[in-house]
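Just so it is clear, A, B, C and D label the chains in written order, and each chain counts residues from 1 on its own.
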Amino acid sequence: MATTMAKALNAALADAMADDDRVVVFGEDVGQLGGVFRITDGLQARFGDRRCFDTPLAEAGIVGFAVGLAMSGLRPVVEMQFDAFAYPAFEQIASHVAKLRNRTRGALSVPIVIRVPFAGGIGGVEHHCDSSEAYYAHTPGLKVVTPATVADAYSLLREAIADPDPVVFMEPKKLYFSSADADLPARTEPFGRAVVRRPGRDATLVAYGPAVPVALEAAEAARAEGWDLEVVDVRTIVPFDDETVTASVRRTGRCVVIQEAQGFAGVGAEIAARVQERCFHALHAPVLRVSGLDIPYPAPMLEHTHLPGVDRVLDTVARLQWDDQPDARWLPATQGSAA
Amino acid sequence: MATTMAKALNAALADAMADDDRVVVFGEDVGQLGGVFRITDGLQARFGDRRCFDTPLAEAGIVGFAVGLAMSGLRPVVEMQFDAFAYPAFEQIASHVAKLRNRTRGALSVPIVIRVPFAGGIGGVEHHCDSSEAYYAHTPGLKVVTPATVADAYSLLREAIADPDPVVFMEPKKLYFSSADADLPARTEPFGRAVVRRPGRDATLVAYGPAVPVALEAAEAARAEGWDLEVVDVRTIVPFDDETVTASVRRTGRCVVIQEAQGFAGVGAEIAARVQERCFHALHAPVLRVSGLDIPYPAPMLEHTHLPGVDRVLDTVARLQWDDQPDARWLPATQGSAA
Amino acid sequence: MTTTPRPVRRASPRTRRPATPPDPARPLLPATEPVRLLDETGTPLPAHTDYPEPPADVLRELYRRMVVGRRFDVQATALTKQGRLAVYPSSRGQEACQVGAMLAVRDTDWVFPTYRESMALVSRGLDPVEVLTLLRGDWHCGYDPAARRTAPQCTPLATQCVHAAGLAYGEAHQGRDTVALAFIGDGATSEGDFHEGINFAAVFKAPVVYFVQNNRYAISVPLSRQTAAPSLAYKGVGYGVPSEQVDGNDPVAVLAVLTRAVAHARAGNGPFLVEAHTYRMEPHTNADDATRYRDGAEVDAWRDRDPVSRLETYLRARGELDDAAVAAVADEAEAYAAALRERMNAQPTVDPLSLFDHVYAEPTPQLVEQREQVRAELAAEQEGDA
Amino acid sequence: MTTTPRPVRRASPRTRRPATPPDPARPLLPATEPVRLLDETGTPLPAHTDYPEPPADVLRELYRRMVVGRRFDVQATALTKQGRLAVYPSSRGQEACQVGAMLAVRDTDWVFPTYRESMALVSRGLDPVEVLTLLRGDWHCGYDPAARRTAPQCTPLATQCVHAAGLAYGEAHQGRDTVALAFIGDGATSEGDFHEGINFAAVFKAPVVYFVQNNRYAISVPLSRQTAAPSLAYKGVGYGVPSEQVDGNDPVAVLAVLTRAVAHARAGNGPFLVEAHTYRMEPHTNADDATRYRDGAEVDAWRDRDPVSRLETYLRARGELDDAAVAAVADEAEAYAAALRERMNAQPTVDPLSLFDHVYAEPTPQLVEQREQVRAELAAEQEGDA
């Protein structure tokens, strides 16, 4: 049955609440309004305002409150209204949510799900389109998950709510209303498994969240250039599935990592670093990266220039040294600097 | 003359304040106490409490106040007392400090210096030893600088205060009281230049901040194993000096990146990814990384296990495929996963 | 372990000390009722000893700007329907606050608006196209904040409260008598940055007026979910900041209260907190559906307290306004809207390469590299198009 | 643009409305003076109508625990000199607060301490070695927070205020009558999380007592740099939270006020804010040098208000304590300290591989890999040593 990612997420919340009394959902505007993206639509009407409720407008408060609720035995699922509006909660996330199990030698666990609608492509004004996954992925103790398909949206969110660890659940806003056939309740691969979304022999595109559809589109377009590209959807950034990714790259011998976030010190850097560490002798070219630019997320009219699109991916694939020649881009600069 | 990094930082602040009336220094305990690490010692006595003062205990307040002061034409230098205690200011840093110039097309600039004593090795209790540089380095609009020598501490801090852009100035706590000969006011290489701290032919160790002395010590120890290692001190993480780093790796053909921070999606990942992108054909082995473990910073009695030390560096150098054989670590896993 | 307290017999049982010292809270607390100079019909109330009424010429100017402001607001909402604006948060119903605040400050004062203050900014004299740039989507801030002494319209809630404290302190530090006026909504007072900002201002005696437009909703969340306080103005005393509440739909009272608050700050007495009780007549933005969380009856009740007609009634009664004057202002408003409409019809062009211009004062080598890449991409695109 | 307000002649000039409604702030504001039941010499003050004195057996227990608590505190500072503790923040001078608070709550209540509450925790009956684990450095939290209903001693200031709100609400949500008691320092009230925490508690009517130990310093920063408020208890009204201030060196008053605050919360009336005026007699921690920022005369003045001798004087005067009892308590305290000293002399051993055990419920593949690496490193080290 065709449904949207937004509806799948909503169904996951509803089913989790129905299955487990301890699940409570709260945040800004998640109650009667059902969330600005309607992900919590109908939950308050169905489960009452003790199970799904609005809070004061304060994100550190929301996350810290969730910590306390988790200590009392509940299973809070909180919504940050937009990516950049989770930053006020950063201390609570980094210093408590991520660390409480560790600090207490496992005596306290905080199985909280922090839902973060993230990334751009929806014409949002400033502060509404940040890609913030790297901040969380770099923070030990957090699991970081991002679905790219409707079925994964349902399945990964159910798993996140059931997981004994805190999960930062990054929802690609631009995919909320993309629809696909999915029989809910769907169960897909568990946390820690990447999935080959499209098999291919010539090179591997590794992507996650909002970049997955771009990778698939690029792979399709690449056929015209004679390249048969494999697309791996990372799904869970933490824990990361080295096995699937390296197996793919060892098969293809070439790899491009795609993320929407600004590139510098992002998750794509980690993936590129890991892949070349583990697949060095299989690589015919360096692992290349395609990402957003290293700039603050731009205004709506300029976002298409910022966002890594099919062309940028194909340009990069073209640089995978198919002729086994070094990348010309780096040569002049090098000679200059070596001089 | 022998002096410590703490004294050099103090001298840099004093000289900057003497040279420019607009420079104001504030934060928690920076006034009469002179800071918990005494970096601001004597500044209030010398310049008065309008130029150097304590604030209420609130880090978002401190950074946001600095934004306002900068808008009024002053040049604030603020101290975050410890790394993890800058997290409450994360929203102010990511959404305002980093972006104000961009948001206003250059009409407003916020030349703020945010001093962050960071990293461990001093037996500090939890939340006092985080390595948080990657959070800032991943945020476009911020410059991120970290000195590893006494002279650099002085020179980079002076440059940070004079810089038209906001600078997150990461001070390796464990080096505060290490001393070296330095004639202050020293001026070293400018922002954007990495420095070869020790020449070598066999492999390049790339490090920054607290990892630089470890790299140098490892290079020294490596002589016994017959390896002549070059050590590059990154100094300014943003902007990054590709030229110096890639020139070194092209010469040596091997590279290990060392950081104290937890590894996943850290700055070292970025450096490794960049180096293999740019030096692929010069590399005899994958770029390897040495870092802290992917765990919350541990309690004092366990920090030596967490911290990347000389042995971990040498073990890693040993894996640089000197016999041109693939890294045995990855082989069994791979065959397992490919099967 | 629990203890059940019980009274103990004492040597000389007496009751609580009789003479209590003067209550230090008293001068900081707001009056228990919002200040009003006009009733809901526009009839003047008994003279208020603390808040003398602003002069008639200023009230006529207030009226003029409110009418123009409202027309601007309606036009902006219309522009969203025509796809000329990505989004627009209306301040309809809050005209007394939006315009009154701008008449209370000097051109040399700094204003710290939120996304909802478009009307205030055009009332301050900023170019409406520049004000709408953020919402049209060609850049984040369309005006020059330094030149206009107006911070960018702030989206991350409450963060501007801290900037205002710093700016005000920095100006005073440099010997200037600038006042900072920071707008904030009822919902945003729940954020930590509101607390930290007003506290910094109080401790440093920075000349800031914090102006809370309590329009009773934060998107869909009603005031009762933001606070259990008697009213938001009661937050002042906890910072040592004097505070007042005002009927935010009484333009005369808003202007009078803010004028005094600004004078208090300018005189070196530190910050002042004003809470205006008002109502957001429209949905949160054009993209919001307010029928999901509030009913029409509530909105209708507030329609009867309309600030524009209230002021009009009053000024007419006082003989400060007649049909001709009202018509002239209406014409001016129409002309303003027409000019705006026309200018907004032009599709703005933004150079994609300008993306790299203002990340740092000078682009880093990494950005230079990325700019070259984008330049090549654009060239290839054009070739593809050609 | 500025306007100079001037009075306007009105039809019927009268003064401000005569009948003002009851002040909603009144029931929430603290008494203008801190509650005291004993004066500084330990002499009882006139009976306090709001705060009946706790029963004598409870006061004897309070005395006993304060004496033991102080001895513990002295011992802990001594342990830093012997290198057995990395650092120790003393709460000497704050015994009335530390111990009084623990007598006001039940074993089933939750306590949210900061790093300074070691004395409170041992007074609660937690194992002192477990309490000192954080400061000795073998792990972050030495006790089981769930079993002891005591959150880890909190270092990131004010963050625990929000956890307490959530815990208290969660307990109530599940039908339990748990109260949460959150400790916080004067300095930490400036943090946004204090604001957000108490506001959440108030809006959700969560049974939390926020207990501010205003010991006049945040490391070196005096209270005057934290707030311009008449006193910190005046923050309550801004959240709709009733508040009280108490002489924090009067053990009887602290216990009485907190007992009532806890009862208020437990009865379902929502949070309560208590500010205790006290003084940190020692430097911030053993690593601090307080002579850099305050003079001895100030410390001496507070020595005269010592809470322990104050209670002793009072109980002796009431005949509740004699030399023998005092000596017995002193002996108990010595024995407690001796036992602690001895146990702390044993060097704790921590398995380095346990670093990987509690990052996640199950280690990720990445952590498994890193654990193997560390295992190999350790094996190589041992070989090297052998």
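Quick note on the criterion: a contact is a pair of C-beta atoms (placed from the backbone, for glycine too) under 8 Å apart; a residue touches a chain by one contact, two chains touch by 3 or more.
All values reported here derive from a predicted model rather than from experimental measurement.
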From chain A, the most remote chain by mean C-alpha position: D
Between the pairs A-D and B-D, the one where more C-beta pairs touch: A-D
Chain centre separation (chain A, chain B; CA means) in Å: 28
Distance between chain centroids, defined by C-alpha means - chain B, chain C (Å): 40
Gap in Å, rounded to a whole number, between the CA centres of chain D and chain B: 36
Residues of chain C touching at least two other chains: 139-140, 156, 190-193, 195-196, 199, 203, 225-227, 359, 364, 366
Shared-contact residues (touching 2 or more other chains) in chain B: 55-56, 58, 60-61, 84, 87-88, 91, 95, 99, 102-103, 126-127, 140-141, 238, 240, 242-243, 264, 293-296
In the complex with chain C, residue positions of chain D that touch it: 1-8, 10-17, 20-25, 28-29, 31-33, 44, 46-49, 51-56, 58, 102-107, 190-196, 199, 202-203, 205, 224-231, 234-241, 255-256, 259-260, 270
Touching residues on chain B, where the partner in the complex is chain C: 24, 50, 55-56, 58, 60-61, 63-74, 88, 91-92, 95-96, 99-109, 140-141, 143, 163-165, 192, 238-243
List of chain A residues in touch with chain C within their complex: 28-29, 31-34, 36, 54-61, 84-85, 87-88, 123-128, 264, 293-296, 298-302, 305-306, 311-312, 315
Touch list for chain B against partner chain A, complex: 60, 84, 87-88, 90-91, 94-95, 98-99, 102-103, 126-127, 130, 134-135, 137-138, 140-141, 238, 240, 242-244, 246-247, 250, 261-262, 264-270, 272-273, 276-281, 283, 285-289, 293-296, 321, 326-327, 330, 333-334, 337-338
Touch list for chain C against partner chain A, complex: 86-87, 115, 134-140, 155-157, 187-188, 190-193, 218-221, 225-227, 292-293, 348, 350, 352, 355-356, 359, 364, 366-367, 370, 374, 377-378, 380-381
